[in-house]
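I've put the structures underneath this note.
Okay, so chain A shows up in both of these, paired with chain B first and chain C after.
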Partner chain A sequence: MQIIEEIKKNELLSNPSEIQKICLDKLKLNPLPNAKNELWRLSNKSKFSSFLDFSHKNKESKASLPYKKNSRNIIRLIIGEHNAINLEEENYSIKELKDSEIINYIKKNICNFDQNDHWSDLLNHCLSSKKNILGLNISGNKIPPIEIFSASSSESLNAKTLILFFEKNCKVDLLQINLGNENSSLSQSTYLCLEANTSVNHGVVSYGKNKSNLLNSLNVIQKAKSEYILGSLHFKFNYARFEIRINQLEGNAKTTIKGIQITKNNDQIATYTNMQFNGPNGILDQINKSLADDKSHAIFEGSIIVPKIAQKTDASQLSRNLLLSKYARIDTKPQLEIIADDVKCKHGATISQLNAEELFYMRSRGLTLAEASKLQLSSYFQEIISCIPVSKDRWDLLDKLLKEN
Partner chain B sequence: MVSENLVKDVVSEPYKYGFVTDIETEKISKGLNEDTIRLISAKKEEPEYLLNFRLDAFKKWQKMEEPNWADLGYKDIDYQDIIYYSAPKQKEKISSLNEVDPKLLETFDKLGIPLTEQKKLTNVAVDAVFDSVSIATTFRKELAEHGVIFCSISEAIKDYSDLIEKYLGSVVPANDNYFAALNSAVFSDGSFVYIPKGVICPMDLSSYFRINSGDSGQFERTLIIAEESSSVSYLEGCTAPMFDTNTLHAAVVELIALDDASIKYSTVQNWYAGNEDGIGGIFNFVTKRGKCLGKRSKISWSQVETGSAITWKYPSCLLLGEESVGEFYSVALTNNLQQADTGTKMIHIGPKTKSTIVSKGISAGNSVNSYRGLVKMGSKAVGSRNYSQCDSMLIGDQAAANTFPYIQSQQPNSEIEHEASTCRISEDQLFYLQSRGIEFEEAVSMMVSGFCRDVFNQLPMEFAAEADKLLALKLEGSVG
Partner chain C sequence: MQSKTKVLDPILEINNLFASTEDLPILKGVTISINPGEIHAIMGRNGCGKSTLSKIIAGHPSYKITKGEIKFYGQNIQSLEPEERAQSGIFLGFQYPIEIPGVSNLEFLRVATNARRKFLKKEELDTFDFEDLVKEKLDLVKMDSAFLSRSINQGFSGGEKKRNEILQMALLEPKIAILDETDSGLDIDALRIVASGIKKISNKQTGIILITHYQRLLDEIRPDYVHVMSDGQIIKTGESDLALELEKHGYEWTDNFLKNI
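After this line comes the complex of A and B, so read on.
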């Protein structure tokens, strides 16, 4: 918790930028999220403090990527290691945002940030240096898939920020990979702005190594007639927290969220989603899955907010959880807050173990228990993984997961 | 197109229980301190242990903070501006109902509560509580023949001290929460039920709570003990006059079910809800909890919540005994500026325990209606199951319906299912019913009644009819 002490004593940064100053001022009032706040209630304090145990001042090492870029037709970027980006092709363009644009955008956002609700983002902006902020403006269609890596270095706390503007009529597959190194913490804040008629298929794959921690915050703004599909996977973290905030600014947009978190050993992984409909005819289809084994703890909290203006909203949220060990724990809280009356909103939640009847059926057909369990798990994962772009053909996530479970 | 106003008219039925009974009452002065508690205890001639229980609870209450996590907004309650004891003046001891002040009997008559002999034919034993004291308990003799004890808690403290000492505070301890602590310190009266081993209670028991005084709070305490293989159905009703001030009601209900015992606790809550501008109404902060201690024991809560300006109520079940069962069936209706944050807690501790939650929320006007429920599977709850269903119906575009289910599991060999949906009265269905010659109001009533059917089916006969009527009246004028 050294960082918190430094924030309190005003010693965190010797020469803070304007944004860092604003964030520090906000954090100084309340350096740690309030434990009474519902959003932080289930966070394991000792695990959360281990996130803050590393120094942000250590030298960053080069990210070691899990697989080679084996196709030319992929745009690969590493936050903190990228050079100036300016791609102008016949059908599309990807340009880096100017510093002033990035500063203005972040400033505009953090004005409204609350210390508890956006604590992760405020901390990120305090610690994220100019080098570790990547801002892109993407337009056109037929854009090759984009892969963006963000990694932490051993024994450090690294903060990375990603800001992406998708211009009108843009259609893109985007894969964001967060890599946690051994004994490290990664703070990742991502902002996506989808203009009208855009379609973004966004995959977020986060996986760590021994004792890595992650605070991953994703803020999405969708304008009318945009479609946003998020497929996410988080696993192998001592402590990980994935905060998703999606705002359908004008309604008439479609959002799909499919996420899975896998916890083993003594891990704690939490997903918090906040879906805000600020216009009529919005659609949400959300599934969150958790799989908890050993002594781990998986958490899901999802809220759907439908104000009066958001008539004809159609939202469904499902939390499906598998509890595989008697020492593991799953907490789930899907919630609806509705004022508009002409809406279709529903949510559901289940917690159970592998289906005994299905296992029995497969075993009666000659499969071993291990094979049958694997088969059942693969179908459990497949629904989510099929939503993660780019990875499908080359990086066989499913295999990787099944080997580990 | 259905006129919104037309539907709104269906909800605004005036509160018919809002009259005040003009009766001489004995009140203590406003304010809460140790002396107030000693005074209440002395008035009730309580034994030493109970006074200590109250004082201990008061000390705990002083150190506690009023909870603010519920989705409720209300002005601060001044706990020193409340009268903690108010009772109608009457003769020292009442040996028969004939000695009860006729004005009181008349009041309960007006409320439809059968206290007088000729009305006792309904075969429901009633304990009527007026402000801080129990006025009368009917059918006591008949119940005593079966060994059933049904009396006010003040009498039980005197006559069945051993049972009270053993069980009071065993389900809801004094430090459980802010309002339970307050109740433990100042509770004035309430009902006590003891069903001995193997007895199926021959009639439904019921208590009726009436707040008459505008400046006093009501803090009743109910304790029901069902011994092995016994069974009881208990009904509770409540009303209050219309005042433009808010009155505090902080009750505690404790249920204990031993092996193979079953308790069914039904409530129709119709406290005064305040006027259309949200002025007046009861602040209803209630802690209700049942402990399924024995194997195969069963506790079932069913409630129809239509009144109160503020409702904060989570009837819960602690499922300790193997194969014990917890049930919660609820209809909560809010209109105008009412706010309700209500739900249940099902804590599965023992193996093979089962629980069912069916909650129906109807929000009309500018009200806020939230379901907040917890389902928890402890690590020893092997083979346990829960099923929850929470449906909300919105009437008008100003009302809010929220659902906050908390689901926690530490037992892989258990199953939890939760589902929730939100809808409104469909114009297609209304049109269909109207095209078949059914009046608009009746059609709305039918649809609301259909929406709540799963819960009404669980209510005892007398209540089911009343609840249906109550809902139809309350809803008059509000669908759109």
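After this line comes the complex of A and C, so read on.
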């Protein structure tokens, strides 16, 4: 963990920016998250340390994209590669944020960061250079679908930051793809701010190659009457953490979270969600699914926080899990913290195996065990995948990837 | 009892079959032989082993054959997987058809039909050709094509599920069909539709086993033989009038036969 040693000795960066300096100061005393903290307790130590094994000083990443951009009606951006963007169309505009806006926004956020809760973001801001921070202001309601890629390069630890401001009445489909290269680590921190009356359909698809690692942190602020839909899929990582923090700042907003993580071999993939209602009449509909095979380990921890101000909150959090091998492990912990007294909140968790009677039914019609299992698994994915804003040609690729994995 | 069609080789022969699940004996020496063109009815109290027999023929992995054999066209099928049995022409119509959310009924039917066609060395059907075929078969059971776009049996009424089973039977064109309480949960009209579908699908080369509690199905489909099962055994075999006797006297009447075994 060379990076941690460098942070301790103040040798990580020779000429740190203002933000990097603040984050380094925060991390210097306790450079690693507390292993006893609930958010880090189940994290595999050796895998976590393998995340930090790569140098951040190596080559910059160059994304090898999984498919060509075959439609002009898609806005494609790659964080870290030159994508100066300044679109001013009749129905919408997409403009890059000024450096000062980015700095002020990150500074405002990090001053409240707890070292354990936001360790991934603090590390990201220590390592993410100006080139690897993409900030956009998006407005309008006939915006073409937006695709944003982040990638790591092999034998490296790459940090990428994305900040998106969605102006009032904005409506958009956003697909974020995180690509892990062989023997690499990717730190991705994302901030989304949804102004009133916005509707964002956000897909996050993260997949790696042999021995890739990922720390993926997503911070969302929702103002009144906004709707945020998140569909996420994480697979093929040696070690991955997806941290989701959503704050309904004024209540009267709607959030949908549908996520799935697929673990195989000896992988560990974890999803942590924190849903904060800070006003009345907030709605949450959340389902998280895990599918664990071989000797892998999937983790889900979700918390819903409903303070007194958040009366009439209606929240549902379900964790559904499939164990495909007797050596695989799934830990799941959906939690509610409710102070308000006039709310509807429910949570639940199930862990099961492929349904033997469903399999027999399909086999009794001539489908092989492998075909029947595949159909059953694809139906298991379907509920989540249908939430990801992916067009048909991209869906075929995703389908192929899922079948291969 | 001598077979009415004894000149033909049987499609299915079950000889002195003993079977158990989790060490609990359920079948205790069942023997039946089904010739081409024959319709057999199996009746008996709840829990006597009728459904277990049907599942064992289809290859359900939860049951273990401890003695005896099942032959399909003279070949012992004990070592065959459920899908191999289905592909070769054994069809089980489920008493409680399983709901499988998220799996499209149309896609499932297409994959199943092509698995059978592959076995029969027939050309597999693409989506368009299959849609033509399935629409033709839908008429047999008076089903709306909207059912095809839904998930397998999800949200179907009891009658719709049973009709979906007969639709599958029509597509798979089995050599032997075991229909486990296909009549349960059906109103009079639905029963007639299902019975008419079964009659249209069956022919002189196929065999049918109807597992039922009620005469009303047998009024629609007249069986060649009726078997009464009790405690894992066939205790009486007769022609179709045996079902009428059973309807008249109830199962207590058959207890005497058990004592004589």
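Observations on the model:
Keep this in mind: the second predicted complex is superposed on the first by the 395 of 405 C-alpha atoms of A that agree within 3 Å, B and C clash if a C-alpha of one lies under 4 Å from a C-alpha of the other, contacts with A are read in each partner's own complex, and residues count from 1 in each chain.
Here is the rule we use: a contact is a pair of C-beta atoms (placed from the backbone, for glycine too) under 8 Å apart; a residue touches a chain by one contact, two chains touch by 3 or more.
All figures in this text were calculated on a predicted structure; none of them were measured in a lab.
With chain A as the common reference for superposition, the partners chain B and chain C occupy compatible, non-clashing space.
The partner of chain A that touches more of its residues, comparing chain B with chain C, is B. In the superposed model, A:358 lies in contact with chain C only, and not with chain B.
Of the two partner chains placed by the overlay, only chain B lies in contact with A:308; chain C stays clear of it. Of the two partner chains, chain B is the only one touched by A:344; chain C is not. Smallest inter-chain Cα distance, chain B versus chain C, after superposition on the shared chain: 13 Å. The intersection of chain A residues touching chain B with those touching chain C, taken from the two complexes, is empty. Across the complex, chain B is touched by residues 36, 38, 308, 311, 319, 321, 323-353 of chain A. Chain A makes touch with chain C in their complex at residues 356-358, 360-369, 371-372, 375-376, 378-380, 382-383. Contacts from chain B toward chain A in the complex involve residues 69, 377, 379, 392, 394-424, 480. Within the complex formed with chain A, the residues of chain C that make contact are 58-62, 81-83, 85-87, 91-92, 94, 97-98, 100-103, 107-108, 111-112, 115-116, 119, 151-152, 168, 172.
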